[in-house]
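Remarks on the structure that follows.
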């Protein structure tokens, strides 16, 4: 049986933390659908098309990774994609409690879909999109936070300071 | 001496988690005033009148439960209602730290009012109004999350999907 | 209906943290049975008789507090004492998770007994019997950690150093 | 490629919490080796042979579950079994930090073995072997804590009290 | 070598919790620059000039404390001020995880600047600017939460209620 | 004024995590006394003399680091050494709550001594002496966990397996 997992998130922008989880997830699943959640109630830094473009570039040589955008509940999206699993990275204890509540709600909404967790490794464990956006806002050094090819695109308008 | 507790919250909407705490609180207190806090700085999903109506329906046969709306600090509301206690449910460790700070502030503001905690039981412990609002937004299955009688009212306009 | 609570612990020795929870619990309950748990598998610093004697002295003028020793599961002891409640103090988030597991187990073992929590106030919140035993072991200053009358008894053999 | 996971633990005794993780793990892995860790430095309640016998009985009809005992580091055992994964259940935030340290150490010791986590569901999330041993010690009701067939064996000598 | 630390924050408004950390930090550092971070994306309760004025008044007799406003990444501000350290107060476990991520990001951005932490003491540990703003909004008693001289200024327009 | 800190611990054995905190502490303090606590109630893996010898070798070229053994309360030892500070590393949230209680107790016992914390960096943050002892027990690979020069001494009797 083919095992398919959704890796849901807002990826605003994708970080090396996300990349690590996807790469490790490929050992566990036959196919991973990266699901870019569109939340019309939150202002994003980058449009969904830009976020998807970065993901496409990253995994252009990995046919087992597919990139999609979605609106609505993640379990509905999973069902529609024929996925039996959700894949999530855990970084720290407060993450855990948040994830646990989402997990239990998802089990309640769709009992045949289960969530599988990997714990982020040290070099990337402290990287969140929220912190990365803060660094971008003030033109800080992005090396080691996002994939290298993205840095000149992000700072196309003006060079990073403080690097 | 009659023991009265305030059960404060925004109840936007009331969940089965709230209902469990009130039912268990009735074993401990002679009277519980459910205090719907009106926060003019936050946009709510349901108007206070709707939230109060649901609570009234739920406890229509329980004369020891009273439903009120209030603005301002909870301890001021408690004093005005002649309550000596605040009742709160605890779900998880991050909850705890938040509640602890509020508790210590309240002891500072009104030392003769004390807060009493119950730990939410498994079937309801993962239910928060925030998650329930997310489910409602995407027309997910609400059974087991809110009282049954509320579901047709919530989805009056359009049926739940993914049920 | 009279509301009775068990306040279980090892009280090895009793601290000002315990005293605070009992005093506040007396506002909530009509009767509190302080249950000194006898654990034959753990070495205690003070014999149960000494622990009970200190508790008796402390609450000699408070007829609503009763002191007992017990072996076995706390909920069995509660049932035997006709108590409907367990009373516990919470100090910090790790406490919380431990207490939550015990609470859920107790609800499983005896659904008509429920546990009620108070959050320890700042002056006593960091005091645990474990830390107090450490201080005693090295003759540190006990003032503010245990009731004053106990200090000369504890240091009867030799005076506290470092005070 | 066949995906094999070790599910390591002391299983002293096995609980319904363990059973849930193994059952859910079977959706994710082709083969699960339940590894009963023998720790010569800790006194166990049940001998390893008894713990293994219970596990064998439980999974007698599930050829994809194998039961083994081992001594030493889990990653060495995994390597020896040809397993690429470790499977672990997470119950609460303090669990998480402990697991994270073990995970990072294991990644350090054996980078080609990765740990996969599932979050325990409510009915079993509060069950730990430690709490179950406490219940057994005092002859409490074990229903809902361990598999039913084990209860008469555990209480063969004397019936459970407080049931 | 002179040791200089930045004490960054929004100080909206300064609380006794902040004051405690600065006073204790003066034992550790030769010079402390209180850095009022200007965040153009968040609405503040008090303008930066007011926040700075309160800080100036508080430390008017302490030449080793300097008050500045800044925009951008804290490590860039530290570098510009010739500071080798950041000083932060820790109140509770959830604080800790947040601070840890910021710390690791800062070490990534500027490895020669390190962050030093003090744990807030009980009388002030539960005070956050967020809670203080809530108290102000509803004219609660501010004594013990902010420096005394600030209270009449804060309530200049209308007296505190519930005091 | 010279600033002296005690870095207390059992160092059974010293890990790269400890080394990192001492190295970073030397930027903050003029002198660091590494205090090896002798606990007669706990069985250690290495005798205090061995633990001290390793520390001496490590800091033989750093005259600002001094190595001592002590018994009793850390604050009494600090006073005796003329230290105004305790230095501690923080790794994770559960660490934090433990440290906080010790800190508050220490402030209670000796208000002129304060504890200063650094957060462990990723490569060493997951290393605890407890985990290192487990690795040693089963002859795992110690590289990256303890200083290199110690490894042949630790495995003098038998070579590490699994390396």
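Going in written order, the chains are labelled A, B, C, D, E and F, and every chain counts its residues from 1.
Rule of thumb we're sticking to: a contact is a pair of C-beta atoms (placed from the backbone, for glycine too) under 8 Å apart; a residue touches a chain by one contact, two chains touch by 3 or more.
These numbers come from a predicted model, not from an experiment.
Between chain A and chain F, the least number of touch steps comes to 1. The two sequence copies chain C and chain D touch through a face in which the numbers common to both fall below half of the numbers used overall.
In summary, the interface at A-F recurs among the listed pairs B-D, A-E or C-D; the equivalent pair, sharing over half of its contacts by residue number, is B-D. When you average the Cα atoms of each chain and compare centres, the chain farthest from chain B turns out to be F. Relative to chain E, the most remote chain by averaged C-alpha coordinates is D. In this assembly, the C-alpha centroid of chain B lies 31 Å from the C-alpha centroid of chain C. Put simply, the C-alpha centre of chain C and that of chain E have 38 angstrom between them. Looking at chain A, residues 92-94, 97, 100, 104, 122, 126 sit in touch with two or more other chains.
All chain pairs in contact, by the document's touch criterion: A-B, A-D, A-E, A-F, B-C, B-D, B-E, C-D, C-E, C-F, D-F, E-F.
Interface residues of chain C facing chain B in the complex, by the touch rule stated above, are 3, 24, 27-28, 84-85, 90, 92-94, 96-97, 99-100, 103-104, 107, 114-119, 121-122.
Those residues of chain F that touch chain C in the shared complex are 71-73, 75-76, 79, 93-94, 97-98, 100-102, 104-105, 108-110.
Looking at the complex, you find that chain A touches chain F at residues 92-94, 122-123, 125-126.
By the touch criterion stated above, chain A contacts chain E in their complex at residues 91-94, 126-128, 131, 134-135, 138, 140-141, 144-145, 161-162.
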